[in-house]
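Chain IDs A, B, C, D, E and F follow the sequence of writing; residue 1 opens each chain.
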Amino acid sequence: MKSDRYKTGWDKLAEIDGKQGEKVVEALKDIAPDFADLLIEFPFGDIYSRPGLDLKSREIATVAALTAMGTATPQLKVHVHGALNVGCTPQEVIEVMIQMAIYAGFPAALNGLFAAKEVFDERGLEISDYQDRVAHR
Amino acid sequence: MKSDRYKTGWDKLAEIDGKQGEKVVEALKDIAPDFADLLIEFPFGDIYSRPGLDLKSREIATVAALTAMGTATPQLKVHVHGALNVGCTPQEVIEVMIQMAIYAGFPAALNGLFAAKEVFDERGLEISDYQDRVAHR
Amino acid sequence: MKSDRYKTGWDKLAEIDGKQGEKVVEALKDIAPDFADLLIEFPFGDIYSRPGLDLKSREIATVAALTAMGTATPQLKVHVHGALNVGCTPQEVIEVMIQMAIYAGFPAALNGLFAAKEVFDERGLEISDYQDRVAHR
Amino acid sequence: MKSDRYKTGWDKLAEIDGKQGEKVVEALKDIAPDFADLLIEFPFGDIYSRPGLDLKSREIATVAALTAMGTATPQLKVHVHGALNVGCTPQEVIEVMIQMAIYAGFPAALNGLFAAKEVFDERGLEISDYQDRVAHR
Amino acid sequence: MKSDRYKTGWDKLAEIDGKQGEKVVEALKDIAPDFADLLIEFPFGDIYSRPGLDLKSREIATVAALTAMGTATPQLKVHVHGALNVGCTPQEVIEVMIQMAIYAGFPAALNGLFAAKEVFDERGLEISDYQDRVAHR
Amino acid sequence: MKSDRYKTGWDKLAEIDGKQGEKVVEALKDIAPDFADLLIEFPFGDIYSRPGLDLKSREIATVAALTAMGTATPQLKVHVHGALNVGCTPQEVIEVMIQMAIYAGFPAALNGLFAAKEVFDERGLEISDYQDRVAHR
């Protein structure tokens, strides 16, 4: 039987990552199903469910960290989806990544932007949806 | 003569990092004064001055990234000041750092929290200012 | 009221890290007491308590990872204590660190060894306890 | 003529990494054959051949470090093979990777687990070989 | 209208990275065209154009850093091209990467060398062009 | 009896790092004297002694990598000494570090510059020795 933390976590995962999160959990079934439980319980049940920081800010923090680290492209893409799901605009995601050039270097920012591009394409976002402003500074 | 980007950057630096930012610029004078100019022009003149993401979100992104990277404690402390200066609450800073345990591990989060503690102490923040909620979850 | 995971975790923390672990929990009280709970529940209650890998191997894994990462000296020192507490010899700790030169470079290994030296000194270990073999290869 | 260290190293490489190690040495022939010699002499001739830590513990240390670093997937896969070759069970490999979530974050652990899955598949391991226990905690 | 820094940067980019640099700028058009401008202005207009260090040394520094970091393979390949474009020999590039084994570990050096191999192949370099010496130490 | 590689390595270490290198070897005596031997034999006997790249370029590569990694301040300081010992000017060291802002972020460059400042001070370098040019760009 699943714990309360699991149930809370599952709902939070669904709210943030939607289908993307479910796919990760599904993929873990063939190698470490226990870890899928831990992934739902701790990050989503314990952390993302905490009060004190709104979900949009939480996703900005995650996108920033994963872009800066540069070692977690699949997870970065899941959280670009997540950021958009909880209310970030594509521009905001792009701005976070551009800003990471300051702290983690241009390659980290570039690789983040190209990952974001893939997610925007998956979601059928039109370039004109988010480039008007940036194209005319 | 300083460039417009420098002037824009200096104002933005003052708005965000206040005295802390000035100290870094001052320290650079004895080793690489040019780099102090670049530091004001590019991160603050070019990036933090961009529209498309509010300053509070920008500081959340920076605190997240520097906590996750774990290689930039002095800069993390400057940006904990910065986050508070532009409107983050101490709780929000703490939440960002706790969340980094998911993405960069518990040591990164712990070292971030201890750096935040030093900044909170420097600013004379009372523990009761930010722990009421967290102490009674 | 503390969860069962907390109680399991606390016992496991005591078994592994002893006084060192308690000090970390104590230090967190002034900044993020909730995170102290999470630290006991997830790493120690959920992970170190799992069957499938003996504690000595778990500490070897942790010492290896923290040495390689090079961003978590305080935590590395806690786990050098931990490794010794659960049955690793000083030589085994040293061997793990030397081996990290292969994967993370000589500076990571060197900095790990100097951290281990501090822990060995804190515990009053005599150099002759662990250098006989290595001094006469 | 190859050095004694080379011969010792070659035997140790064969014992640990088998065909996987040979492939790396072969691939280096077209770009830096000298480095293939150094790879055999230093890591395998000088380090893995040292007494003071058993080979199984050495592979646990390596799998832990490479999982935590997250920058060396091809080498991690070679050493998942290596760990299994020197007596680690699939469960032990999985446990090491799950544990890395604590120190290097969930993405590092996830990416490690998915690399391990590829190796387990290459070796024709049946899921039932290693998931009975973990599926029923 | 583009700034003087942009023009200086564009010329420097063309001198160093040639077609490779243009491709990156092109790819950015669909996601963050502003960032393409910043990439030309700051790294190439502000930094690579500075006196005080010759371009060949600058490329050696970049190849070293990107090899050691291990998180920026596409950018490393661009700068292997760059190093060769500004006068490094293939051997010098290989030596820099081998040397990184000391500071960032063997996997970083190996992955760097395999990236260099791809670039050498793209440029139609014959193995005999650069392996005579290294094959007969 | 020490190997030929040891003797070659010791001479190379003396040429590059001088007193600084000897101090590291001395410090290792109390924790892992074998590793001191390996440190002389592999990095200095096997790598720095290779033809194909001049010592000045090798030190530029090392200073770049250690600045970018940000996890090896003591070793970075040793190699700032080393770079100066083999013919780099203070300006060249500073330029390498400034350039790292592009690839590893401003904090890495800043922390590198402050480490270089300490070394320059230890050597009694006058600021006017290296800032004339940079102060008047």
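Everything below uses one rule, namely that a contact is a pair of C-beta atoms (placed from the backbone, for glycine too) under 8 Å apart; a residue touches a chain by one contact, two chains touch by 3 or more.
Predicted model only: the values in this text are computed from it and were never measured.
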Shared touch partners for chain B + chain D come out as A, C, E, F
On C-alpha atoms only, rotate chain A onto chain C and read off the angle in steps of 5 degrees. 180
Relative to chain E, which chain's C-alpha centre is the most remote? C
Compared with chain F, which chain's mean CA position is the farthest off? A
Rounded to the nearest Å, the gap between Cα centres of chain A and chain E is 30
From the C-alpha centre of chain A to that of chain B, how far is it in Å? 22
Distance from the mean Cα position of chain F to that of chain A, given in whole angstrom: 39
For chain D, residues contacting two or more additional chains: 34, 38, 42-43, 47, 50, 66, 68-69, 71-72, 75, 94, 98, 101-108, 134, 137
Connecting every touching chain pair, does the picture come out as line, ring, star, complete or other? complete
Residue set of chain E touching chain A in the complex reads 24, 27-28, 30-35, 38-39, 43, 66, 69, 71-72, 74-75
Where on chain D is chain B touching in the complex? 68, 101-108
Using the touch definition from the top, list the residues of chain A that touch chain E in their complex. 69-71, 94, 97-98, 101, 105-111, 113-114, 116-117, 120, 127, 131, 134-135, 137
Residues of chain B defined as touching chain E within the complex: 34, 38, 41-42, 46-47, 50
Hey, which residues of chain C end up touching chain D in the complex? 42-43, 47-48, 50-53, 57-58, 60-69, 72, 75, 91-92, 94-96, 98-104, 133-134, 137
